[in-house]
Each structure stands twice: as structure tokens, then as C-alpha cells.
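The first chain written gets the first letter, and so on, giving A, B, C and D; residue counts start at 1 in each chain.
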Amino acid sequence: MLAELRGLNEECGVFGVFGHENASQITYYGLQSLQHRGQEGAGVVMSDGEHLRGHKGEGLVTEIFNQDIVNGLTGSSAIGHVRYKTAGGGGYENVQPLLFHFQTGSFALAHNGNLINATSLKSELEAQGSIFQTTSDTEVLAHLIRRSGLGSMKDRMKTALSMLKGAYAFLVMTEKEMHVALDPQGMRPLSIGKLGDAYVVASETCAFDIVGAEFVRDVQPGELITINEDGLQSEQFAVATNSAICTMEYVYFSRPDSDIHNINIHSARKRLGKMLAKEVNIEADVVTGVPDSSISAAIGFAEATGIPYEMGLIKNRYVGRTFIQPSQSLREQGVKMKLSPVRGVVEGKRVIMVDDSIVRGTTSKRIVTMLKDAGAKEVHVCISSPPIKHPCFYGIDTSKSEELIAAHYSIEELRDLIGADSLTYLSPEGTIAAIGHEQKNGECGQCMACFTGNYPTEIYPDTKHPITKC
Amino acid sequence: MLAELRGLNEECGVFGVFGHENASQITYYGLQSLQHRGQEGAGVVMSDGEHLRGHKGEGLVTEIFNQDIVNGLTGSSAIGHVRYKTAGGGGYENVQPLLFHFQTGSFALAHNGNLINATSLKSELEAQGSIFQTTSDTEVLAHLIRRSGLGSMKDRMKTALSMLKGAYAFLVMTEKEMHVALDPQGMRPLSIGKLGDAYVVASETCAFDIVGAEFVRDVQPGELITINEDGLQSEQFAVATNSAICTMEYVYFSRPDSDIHNINIHSARKRLGKMLAKEVNIEADVVTGVPDSSISAAIGFAEATGIPYEMGLIKNRYVGRTFIQPSQSLREQGVKMKLSPVRGVVEGKRVIMVDDSIVRGTTSKRIVTMLKDAGAKEVHVCISSPPIKHPCFYGIDTSKSEELIAAHYSIEELRDLIGADSLTYLSPEGTIAAIGHEQKNGECGQCMACFTGNYPTEIYPDTKHPITKC
Amino acid sequence: MLAELRGLNEECGVFGVFGHENASQITYYGLQSLQHRGQEGAGVVMSDGEHLRGHKGEGLVTEIFNQDIVNGLTGSSAIGHVRYKTAGGGGYENVQPLLFHFQTGSFALAHNGNLINATSLKSELEAQGSIFQTTSDTEVLAHLIRRSGLGSMKDRMKTALSMLKGAYAFLVMTEKEMHVALDPQGMRPLSIGKLGDAYVVASETCAFDIVGAEFVRDVQPGELITINEDGLQSEQFAVATNSAICTMEYVYFSRPDSDIHNINIHSARKRLGKMLAKEVNIEADVVTGVPDSSISAAIGFAEATGIPYEMGLIKNRYVGRTFIQPSQSLREQGVKMKLSPVRGVVEGKRVIMVDDSIVRGTTSKRIVTMLKDAGAKEVHVCISSPPIKHPCFYGIDTSKSEELIAAHYSIEELRDLIGADSLTYLSPEGTIAAIGHEQKNGECGQCMACFTGNYPTEIYPDTKHPITKC
Amino acid sequence: MLAELRGLNEECGVFGVFGHENASQITYYGLQSLQHRGQEGAGVVMSDGEHLRGHKGEGLVTEIFNQDIVNGLTGSSAIGHVRYKTAGGGGYENVQPLLFHFQTGSFALAHNGNLINATSLKSELEAQGSIFQTTSDTEVLAHLIRRSGLGSMKDRMKTALSMLKGAYAFLVMTEKEMHVALDPQGMRPLSIGKLGDAYVVASETCAFDIVGAEFVRDVQPGELITINEDGLQSEQFAVATNSAICTMEYVYFSRPDSDIHNINIHSARKRLGKMLAKEVNIEADVVTGVPDSSISAAIGFAEATGIPYEMGLIKNRYVGRTFIQPSQSLREQGVKMKLSPVRGVVEGKRVIMVDDSIVRGTTSKRIVTMLKDAGAKEVHVCISSPPIKHPCFYGIDTSKSEELIAAHYSIEELRDLIGADSLTYLSPEGTIAAIGHEQKNGECGQCMACFTGNYPTEIYPDTKHPITKC
């Protein structure tokens, strides 16, 4: 995934399993397969029916857990979380699942999404004496649950959820139950599967494949699911009106082997590439994609045009957190980091470079320059989605519109800025058609807000200065 | 690269730079780009013209080095090494470069390849009182140099090299010089480049791209190059007769963005795939490749046949050294590790699965099973090289022929064993033609020994029980 | 200190500095000198006048902090804490100072002592919706402060402190102030000093010597001190009635170079030894002490009797957290761990072994056996304090009376159990007289509860099952 | 021990056990008890009768080994080594035991002492083609053994040892034997003990006590002991003429609970203090010792004079390798590090400060200043050994005479330099008499070279620029 290169930060991922003797280890593998959704931190909390215990840390799943740690988390239920990489904030405290102990019991919380009214809710709660442990919006739900009276956990959750606005997929685990909730617009993917007799829940279906589980169904917008020893009960805690799954999940975030709403991501991307090929008309010698997220679209583009697909750019697999950044001087001498051009493939060629999106434009410019330095005669940039002109308030790290270059320049200006010979974006209509999401009541069922500015929810005052989210 | 999955272990990589103020950091980036050639260990030794100092360790380059360590290695020349993952042996001592201090000066040694007469040379040397620090064949050269009289380093190296048999690419650095030597058959790739006024040497040209250097030329079989403040001097220490670069470098080992003998690896692999498409005739719905090394061949195959290329298998990028292996029981329940099938792509389809080679066959069997479990109607395995029937004594970890499944079964038996609907190998002639290496005196210029059993050198008695190599 | 050997766990230590440009580093050295009061964890929180930031961890001060970390904590005020080693509980969360962030500001808390009504306070707070981050009694103060209205921090603290029962020395730091509070009985030591213009606060005066500060005065029972840019203001938040400093601070806990209430600890211990010598009459050849805490008393004993002091027992300085415990079988073969007898000193001798206390008796028995095995003809155990028969609820880890062997056996039975030739305890009167604390209103000014059962405060129902304290 | 404070570096320690099923763990405890002899590094090599394997590292024994590592070293024999802290050199390679593998077998080497002809031997060996792995003098023995013909290991060792000059205690272990050798002057302590049926060897007898072994006898000067399944055989490889054990072993190096030549170290130090008391006549209020090594002498001094012994200086136990050094500015503000004065003990008093030696004088000056700053009215420095005026070439890190302050100043000048009110050294005669070593042929049996300049061996040219020793 191109997160760091592109300034389009990935969101989080959640995973849960109820009723499996290896719950923690299953969760470990599930998180592993969701690692592309967040590399800042990860955690697992398990229940053995009597107590909740967990382990979490900053870094990758494989850095945080080892055999001894996983063996020590023996329980029949578990929830886990991978956290996306924030610029500044972060810190151990904010790594999820959040685990709360009370003299009367415990619960743990994992969250993917962004609450747009978290700041105002937090102010009210603090005024009443609440002490927050984290700077994350997720903790608001915990305090709302604790202050929402004496009913069952399910009732308290319904009361609490009714106060939240924004995008969220929540897993809440107590000693004996697991609760699964999705926001009324269904903006984040969340699916239910079965692994033998156990239930599994995951942000993406690729996690089911990795652990050998079978997909059952997607969680519905506004649905609250409770899983316990009596099985799975579902109810709607909110009326879902305008279902709007994030389009960028198809274009960029999700793993190619995941299905969202029964649409395979690799196939959707290939169709986006094919649709893009139909919308443009460029003579070229080779098609190449920016690894990893744009490879499928590039192959689709190549197939549709008959121009051969070539590996014009290669990604260095071993660059990690501990990579020593080259100094400015070495960079100017040509030292590359994560991505390098394949001279033998692009030299003397007219190159179509397929990418999934442009955020700040700096990476696109760097890649175009790289290809030209490697001898490409022409570089035509084709983007397999529309221009991102509007900030996202629902969990994607593009919340400042100043950073969105397409909000400030015309396409021709942008082409000039990145140094390409041509620049083409896929149309919004083409995007919707290629993804092929089921239409309901004339609605496309996708959130296109970052392209169009039509937000599926009311926008609150505190969305401008959001607290740390996940 | 599929090393761990496939039992085809990667060999080592070497990198050197002479005359650059950031020599160690340049070497760090060079090693980084050669990381696919070895993940067991890495090291850098630098010279400031007066002293040699170094740092090495077990693990990945980014795990072993940090900014402080690299900053501490201030010198104008450096050599580095990445070491392949051995099954048992290994250990810190064997990590290279090997660094030797004497009262009269120091030298450091980095080596890629395998000496086939190391055991007998070591016996002779020990009988004379030599004490070896490592179990690596590389150290033999150091002792031969020290025992070869009083001449210049270059003369002593020539005497020492004349006693070695097998495959080797050597970098030897003293306080003021760098020596570069390639075996008389030129079995390992080794190239010279320039970075401003500095010289660079690397196992693969991708390292030149990463550090911003320009390719100058390949080191020739039997050539000894000495670089010092007077520039670069070359001489032949042996008459190169039957030049024979390892074919697997094209098929599997090298990075797609490297060129060997002016042939780009990605392009060569694509041609191997196209050639394979010509040699077979299978009706199918999709072509897929085993990531990462077979993707190029699969795309070539798809282009030649018109069958669409799809991402039918996906590799988990975050699986590393510290990954917790699933227990047998979890594996049987379907927990996957590094590779998973993309159900949405293969379900109900006739799949052509392109792979670069089969060693033990266990991985091929696992992948075929995986694809069928994910709903593939048929799985046709197409291998973009001939059957590996003979052990390699020159640095590739297939030295026991018992492990080479193609040595013991017919293709039909093998097809049955791996559970494929058909199994096709590329012919030796097709392999040679697709790679397109320059022919000399009717020789293809490649080592095809593992396919044909025709070894380009004499085979010594001690090749059967080799000491640790690199 | 003999904590681990003796089952008499040490309590915590606090340190603070206000108005020094190297506040964090000064705190580091202060904590270092208080390390004997707790080895489980340590932390520092600093304020730069605008923000609070901190670092904490499990282990020793020198394990948790390094130069970079301390350099990163640039501020003009800081508080720090060392935490004693608990048996089970513990964990990173409980390491202090606790740091709380609110939308309207932050504060940090460090605590030495034990609140005896923490459990009931916590129940009430949770019923009102409070969420606790730790299992420590210290956090109760934070919630009480946050729920105690809208006044100044000082007012809120007074309200909150009035609800606490037990032993406590608190440091509370906000962005611009430091608050220092001692319980109404003054059960824990706490002193104020000056370092140039800066104020320092510490559990023991040895911390002042280590950082080059001058002792100013002891904090008074029931006193709340506020330090800010206007200087130091003091007021009484409670009427101090029966001042009762813990006697074990003199006997065992504190460092020999500290002064409590102007009494030097080494000198007090030497007087305890001399007093003990007066109360017994034993013929012997050598006097020895159990290192480190009983050396002073043993030397006093030797001086008073004229029997030579010898180093009959030696402590292994390098045994730490990571020491490999000998197996039962090796232990039976005679493998020693922390303490070994000096055969050359005790062989054939009648030995007086001075120790400061007996808790479970197992260590005393082990030492007596050791001395006899090393050839001692007689071993006379002399304890420089009275028998510990009653649990401590104020911060010392002897809260279960089952473990206090002197509560269950007569002195003669106990002598027999530990295998000594004689066993003598110092009388309560002798203890009080030797320490020489200033008497007020006929009160000795010391807490003698563990010897006499006369507790200086009411005992609450929840003292029986206390939550984690410090 | 005062190594770091005093510039008088400690030497190494060796330990071995033959014929015990827990050989490696026994060695771990043995090294642990010898830790005061070296904190730079430690290692253990074990034999299971067929193979030698080991583990070593830089740091303390407890930092280098853990339960898993020790469990992994299952064998019936083992040798171990602790290495003293060198200023510059050092490094992993130099940590002992050195382990050498040959095609015909293996051996391991541990050494305490210093070879004074190592440099010339190394030059000769390198000229013959030998490659040294370390910069340690110890490795010379290995090369000499390997070059000394075809006889038994014992014969080869005898040939090799006959070429060595200087001080050495060697342990050499092969698969089936252990060889123990002491130099012809017996300059380093080395003793043999029994642990059940197993033999143990150690630099100090305190190691026997720690592992529960019984002392059998000291190894004799010029003796070579071979232990194998037939038991223990001894022979003299050299005629021992002037036996000369290092006097500083009694004064400073060894642990108080060790016996050397049947003299207990604590008792010897107490006698040194008593003898010193006889030689001086100072009126004073308190006697104090510099911890830890001078406490015994100070107590002896106090006993002899009747002036009370007090704890006037205290050592910070938790200062280790990772301690953050105070900046110059903080030091000037009075921040202390390892040692602090006890104001309550020295204020207003005339203090006799007993120390074991003065090397550079800087530490003495610092301590005197510290005591005066803490209010001492007078400080009289009494040294329990004669002035060190001559470098040691036998293993103690005082090989440069420029650093020996007593070589350059009169006692009165030195007194002035360190700021004491008086300075007294014990006389050489008093030193010899107090230690009470058995006299032979009018020889005191001790090496007094650093006091008198009478070296017990010839001094070789290369002693001036010695290679790294141990």
C-alpha cells in the first residue's frame, strides 16, 4: 500500500472471534491479514469467560506479539485492532483495544472509523468529572456506556451509540458477550463469518480466508449484533437511510483479495482500469502501475488497450520503520528509497503510469521525474478515480483541504506541476459504474464525498479540529 | 522472492564503493537493494585510508544498522555483504565481510558464490597450523593470501585465487585499495558502476539505480580489478574459457529491475512466460503467477495467449522472521501464512498458475490445493524453466539431489503428486532462447547444470560435504 | 537492602523539583538515590510551564531512562516516583507519576503510602460513572480532585484530601504549580530543600545530598504546600493530632545517609545496636551484621560490647532481576544466591548475628544454617527492633498477619525454628529511646503499630482487601 | 569494588568444572561470584564429551545469560571467564573463553593474567601466516599449541607454555579433558576444589563457597594439571623459583570471603588496618572507609585505636553501565554519582578516611573534598598499602607510570594535592607482616613490584606497548 508515499493514510482494522479455543491466535492471524489497514500499533484482548486480559504495543503485529505472549492469552473470545500511522499523536495509550476494568466487571473496545462529534461529547463528559485515558475518540463510547444507566450492556450500548455521529465499526467485548455495531450509513466495511461453530467479525473478508473461516454476511448500517452462548442476535439501533460505503475502500485501502458487498477488490480495480482505458485515448508503448495498490488497475488498462503491461516501477520490500532516511544531499545525488524505476523497461518508451489517486501531488511528481530520469520518452499519468477535492471526516487522514492539491489547481495546472505529458482522471460516473455497487432508490450506495463534497452526514463544528481518531 | 516457500535458497550479495565521502551509507542503501539475495545477516566494513572498521549482525539490513552506527563508520571506501538464510549453521562469526587485523595492516573480505575445494584447502591449512575463525569457505581465501609470500596484495591475491575452484565474486578491501575478482567461468553476476568520481561494485545493477550510480560494465570471468587512488586497473588472473552465468539468476534470484549482461530481468522473465505460452496449448479462463518472482512470466504468458492475467494469489507482506507459525491443528483448520488465494478471482475458473521452478514440490502442492479449495475448476501448472534434476555446487542451496523432486519422478507422476490438472515445463532450448544471452563459440554462456547435469567446472570430492558457503 | 530476602517489602519514593532548568535530570538523580525504596518501576513527568510530558517504565531508574529520554523532557519542574516491587499486580499502567490530560489542562500525581479507604471511595466513584485507568489507590485522588467543583487546584485538593484516610505523601504537579501534601499523622517521611533558587521535595534527605541541595525542613503532618512562581505557601488542610512516623523507616527502610526529623539513620541504627548490646548478655567471639541494612546496628553492638565486628556474611552485588535462580537440586547441593558466609571469619567461632527484623523467619533460618555450615560454633541472633506481630496498613507489605511469624510463636519457639543458639529482640522502650525521636505530649511521635497493634488511625473495613497501593 | 572510581582496573577471573551434569549452570554461579574481577564481558564454553559449544557477550554475567541460554549448554564440563573493563579496546571478539574449531577437534581457552612477550610472539606467528581473531594476548597460546607438533594436548601445551613469559592462569578445555596451568611465579591466584565427584577450578575460593564446593588446594607455580575421566594428574612444566603472588589481590582485588594461600582476605585487610593504626598516631573522632574494598581495613583501624568506626561514605548500589553521567555544570552544582558523604556522621568531626591505595589521586581528592563539603573538620587519609610507584606488567591496568601519582610526588606534595590534613601510607614491611604470607628462603612470596620496582620476571621490550591482555 502506498500510504507513506502518498499522504493518504490508511484507517484501522478490527477483528473478533467468539467461541474458539484458540481465540487469541486466530485474532493474531486475522490482524496480520489486516496489517495494511494500520501499522502504528496493534493489540488483542481476550476473555476466558471470567476475565479480560490483553496485550498491545506500537509497531507491526509481528513485532508486538510472540508465541509466549499469544500462548498467555488463553480464552475463547478475543477482539483485536490494528491502528493506522498518525503523524504526531499516537502513543501506547491510544493503541486499541481499549480495556476498562471496574469493580463490577470489565469490557474492551475496538473501533474503525471517526466520530465527528467526539470533541463536544468529551467536553461535556469532562465537565461532569470523567477522566480520559487516551486522546482517541474511541474512549468516548466507553464513558457514554458507563454513564447510560443500569440496563444490560446491549441497552447501554444502544443509548450510547445513539449519541455518536460519524463513521464507526465497533467491537465491544465483555466477559461473556461480544457486541458488533456499524454506523447508520455503513461507511466502513464490516463482515460476519463462521469458523466451525465460532463467529468471526472482520473489517475485511481477506481475514476470513487467512483463518479458514467462511463469509456469512456483511454487517448492516445501523445494526447492533450481540453474540453470546445463545448465538447471534441482531437488531437495528438506528434507521439506515442513505447507505454509503467509502469508495476509497475499493480504489485504494482494501486488500485485493477482499470482497466488500460481494465485490472483489482486485476485480473492481481491474474494471476501474478498463473503464479508464475507455475514457482516454493515448498512444503509448507500455502501461505500468504504481505498486502495490495500482497494479490491478494497470493490468486492466493494459488488457483493454492491448498495450503491454510492464513492471516499470519496483518497490523495495524491506524498507521498514527502522530504515535510515537518506540525507537531502544523498537524495539529490539520486539515492532512492521505497520505489525505483526499471530502466530496462521504460528507457526510450512512451509510458502510461496508472495510479489510484493523487493527494498532495509530491509523490506523483517524484515518480514522473524518476521515470523520465530512467529514460522514459513520455509519461502519461492515468488516475483510476476522480480528483480528491474535499476533506474526509470519516476516518481517512485527508481532513485538511489545504493539502488536497486537486482542490486548488486545474487538471492542466496539476499535470504541469507533476511534470507529466498528460494527466487523466476517471470520471465519477465511470468510477461508480466500474465498481458496480448495487443501487438502491437511485442512490449509488457509496460515499463519494471526497470527490463531490456531498457528505452523507451532517458536519459538526468540531470536525474541523478533530481529536485523535481511529 | 519465494525462497522460504520454495526451498530454493537465495545466495549472497556484495556491494562496494571506493572514493565517496558517504561510503558506508551508500553501502547501506546498496545492501538494502540486494536484501532479496540474503536475509540471514549483513555487514559493512569501511576504510578511512588508515584503518578498517565495521559492523555486522544477524537479520535484515534495517535491523542491524541504525543512523548512529552508520554515522560511526566514516570512511571513503566500504564493502558490504548480505548473507543468505542457512538452515542450521550460520552464526555471527560467519556473517561477512570478514575483517582481519595484522600488526602490519588489515583487510576485509566479502564473497558471493561457493568454493568447491574449500574443505581440502582448509584441511591442508589447518595441518600447517592455521586457525579458522569461521565455518565459511570464504575464510580460506584470507589464509591463502596470508601464506602466499611477500608481494603486493594484488600479487598475493592472484596466487591465492589460482588455488580456488568453484563460483565466486570477491571484494577485498585494504586500507587504501579495493580488489574485485570473479571466477573464471563468471558464474555469479558482478558489475562495476560510477557514482560521480567514486567507483561502485555490486552483485546486481539494481543497487546502482538505488544509489544513483551509472552502470559501467560487467566484471569479466577471470578478471581481477584493483581500485585505488590511481583509478581502476584490470588484469586477467585466469583464462576464461567457458563463460557460464547461472541461469537461475534470470529465472528466479535477481530483482526484476536488474540487468545481467545487458538483459533486463523482468523482460527476460516475460519472454520466458511468452515462450512457455508457445510451447503449451491449454484452454483456461485466467492466468495467475506465484508472487513475487513469477509475476513477470505470468504476465508474459497472458499477453501471448490473450487469457486475462488475474491476481489469483496474494502474498502477505508483513510476515517476517518473528511471525508465529500456526500449529498443525490450526493449519488443518485452514489458517494460511504467507500466501492466500483470491477466491473472487479463481472461483469457478480454469486457472493457469505460472511458477518459476519446482524444487521439493511441497509448495506447489500446497498452492494447487489452496486454489482448488478456493473454487478453481482446473489448475494448470506452467513452469517457466526446465525441471531441476541436478544439485548445484556453486552457491545455490540445492546441493542434495534427494531433495530435487524432478530427479525422482516423471512429469506425469509429479503432476499427480502436486494435484494439478496439467504440468508443463519450459524446454531447455526455450529457456536459452527466451533469455537471449549472447552466444560465444556455440556456447550459450549460461550454466544449465541443474537442468542438464553438465557442470561447467570439474567436480571435487569435497563438494559432497561442503562447508558453510557464501 | 534486604527486601527480597526478607519479605519486608519496601515502599515507594517521591521526588520533585520546581524552578530548575535541568528539572528532569535533577529528578533522575533524585530517584536514583531513592532507588532502595522501590525497584518495580519509575517515572518522571515534567512541566515546561505549558505542557506536561513524561516517561515511565518497569525496572530500575537506570534501565528506564537514558540520556536521550532525559534530554527530551526539557522543563523547569518535574516530579518523579520509584515504585516498590509487588508480588502479583503491578504493570506499566500502575507505574507513577500518573499523568492526566483534560481539554482544560493537565496534572500529574506521585504518591508514597497507602490509603486505607481507597476501595470504598473507588466503588462510589465508579457507580457515578468514573473510569479508572489503574488498579492503584493513588488514582482515587485524581478522581476526587476532578469531581470536587470549580475552585483552584489548591481548593480542590483540600476537598479531595479531606476524604482520604491512611498514610500518604503526595506530589501533584500542574503546568504552573507543584502541590505537596502529607497525611495528618505524618506517617511517611517527606522533606523540603533548596537547590539554588529551586525548591526540591523528597521522601528522604539523601536525595538532597545527591543533587547538591540543602535541607530546609520536614513537611508537617496535615500540611499542604503549594509552590509556584510566587514561592512557597503552606497551610494546614487537617489538624495533626498524633504525629506518628513509621518506626521501620529508622530501623530498615531509609538509607543510612538520610536524616528523618533531624535524626541520622546510620547513627540511629548504631544506637539501636548499642541499646541491644545493653539489653543482652552473650559471650561471643565475633559480631556480624546481615548486609546491608544491619551493618550499622552490628557495628554499634560491637562497639558497645568490645567484641570485634567481622564481615561474616557477604552480599553478592551483581545479583539482579535477571539472575537465574538455582534449581531446588542445586540449592540442596549448596549453591548460594545473594548472601554467603565467610568461612575464614566464622569457622570455630561463637557468632552474634545482628539483624534488623524477622518477618517470615525463613531467611533468618537460612542464614543461621549457612553460618553453622560454615563452621560457626554458636549463632546468637540479635534483632535491633521488637517482634513484628501486627500487619501494617500504611504502605508496608506485611498486610497479612498469617505471614508474621512472631505473631504465632513465642520467642523460644521462634529461636528453635530458626535454629539459633539464642534469639533476642530489642524492647519497644529501647527502640524508642535509641531512635531518640522528639516526644510531644507524652507521645513518642512514632508509629509502633506493627510491634504493639496500636494503630494511629481508625481501621476501615476495606483495609483487609486493599487495592494496589503505593 | 572501586575499579571505576580509582583507575585501578580489576583483572579477569576464570572458573571451570569437570564431571558435573549441571556444568554450565555451576559455571554461571561461579562467574557470578567472580564478577568483581571483571565486568566488561563474560562467557561459558561447555563440552558434552563430543562437542564444545559456548555463549559469551559484553556486560555482566546476568545480562549475558538467561535460563534458556544456560539450559541450552548441556554438558558435563565447562569453563568460564569474566573480563575486566578496558578503556578503549575490548569488543565481542576478545571476550573469553576463546573457542577454536578444527576439522580434527576443538578446544577452548580462558586466561587471567598478562603475557609480557605476547607482541613478539604474535609478530613471529603472523610472519608465518597465522591469522589472529582477537587483539588479546590469550590467543597466542592457541597458535603456539597448534604449531607445536603432533603430540598429545598435554605435550603441546607444555611446549607452548614454555614459550610464554609473564603472569597467567590458564584453563584449556577439549572435548574430553581440562588443562589447568599457572605461571612459574604463581602470580595469579588459582585453586582446585571438589563438588561431589566433580573437580572445580577458580581464580578465587569464594566461587567454591557459592557453588557449595570444598577447597582442595591451590594450584602451584609452574604446575600443569590435567583432569579427565581418569581423574587429576599433575606435573611441573617449569621449575618454580621465586613464587610471587600479587600483593594487590590481598589489598584490593579479591573478595573479602576468599582465601588465598589459606589467608582470608577480610581478615588480612583488617590486619592491614590494625598495622596501619600502629604505624600512625592521629587524634580523630571517627574512622571511615571507602566502600567497598576499604571497609575491612577501616574497621581494623577503628578496633586498634578505639576511635569509633562510622559510615561516613555511602555507595550508590544502583549505578551501572547505563547511568547518565551528570554534565560538568551539574557536577559543579554538587550532583554526586557513585559515592556520597554522610553529613550526619562527619559534620564537625575529625575524620580518618582509610583507603586501600591511591593511583591517579583524582578520586582521593574528590572524596576528601566531599567530606570537607559535608562539614568534616579534618580529613586524615590513611592508605593500607605502600605508595604505588611502578607500573604492573602482569595484568593490572597500571602499565603506564605517568599515571601513577606517587611516582612523581613526595607524600607531602601528594597530601597537598588531595587536600588532606594528613596522608599516611602503610610501610612495605608492615604490609608483608600484616598479610602474613608464608616465607620461603627469605622471600616474602608476594610480588611487591608496584611498590618497590623489583619485578619477579625479566621485563621484555614489548611490555611497553602491550597488546590487549587478560
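Note that in this section a residue touches a chain if its C-beta (ideal position, glycine included) is under 8 Å from a C-beta of that chain, and two chains touch if they have at least 3 such contacts.
In this text, all values refer to a predicted model and were calculated from it rather than measured experimentally.
*Asks:* I'd like to know which pair from C-D, A-B or A-C copies the B-D interface, where a copy means over half of the contact pairs are the same by residue number.
*Replies:* A-C
*Asks:* State, to the nearest whole Å, the distance from the C-alpha centre of subunit A to the C-alpha centre of subunit B.
*Replies:* Centre separation, subunit A to subunit B: 36 Å.
*Asks:* Express in whole angstrom the distance between the two chain centres, defined as the mean CA positions of subunit A and subunit D.
*Replies:* 62
*Asks:* I'd like the Å distance between the centres of subunit A and subunit C, where a centre is the mean of that chain's Cα atoms.
*Replies:* 50
*Asks:* Return the residues of subunit C touching two or more other chains; collapse runs of consecutive numbers into ranges.
*Replies:* Expected reply: no residues.
*Asks:* What are the touching chain pairs in this one?
*Replies:* Per the contact definition above, the touching pairs are A-B, A-C, B-D, C-D.
*Asks:* What residues on subunit C touch subunit A, complex-wise?
*Replies:* By the definition above, subunit C touches subunit A via 100-104, 119, 122-123, 126, 128-133, 135, 142-143, 146-147.
*Asks:* Spell out the part of subunit D that touches subunit C in their complex, as residue ranges.
*Replies:* Residue list for subunit D touching subunit C: 22, 25-26, 28-29, 32-33, 35-36, 60-63, 65-67, 70, 195-196, 206, 209-213, 255-257, 259, 264-267, 270, 292, 295-296, 299, 303, 308-311, 314, 316-320, 322-324, 326-327, 330, 333-336, 340-345, 374.
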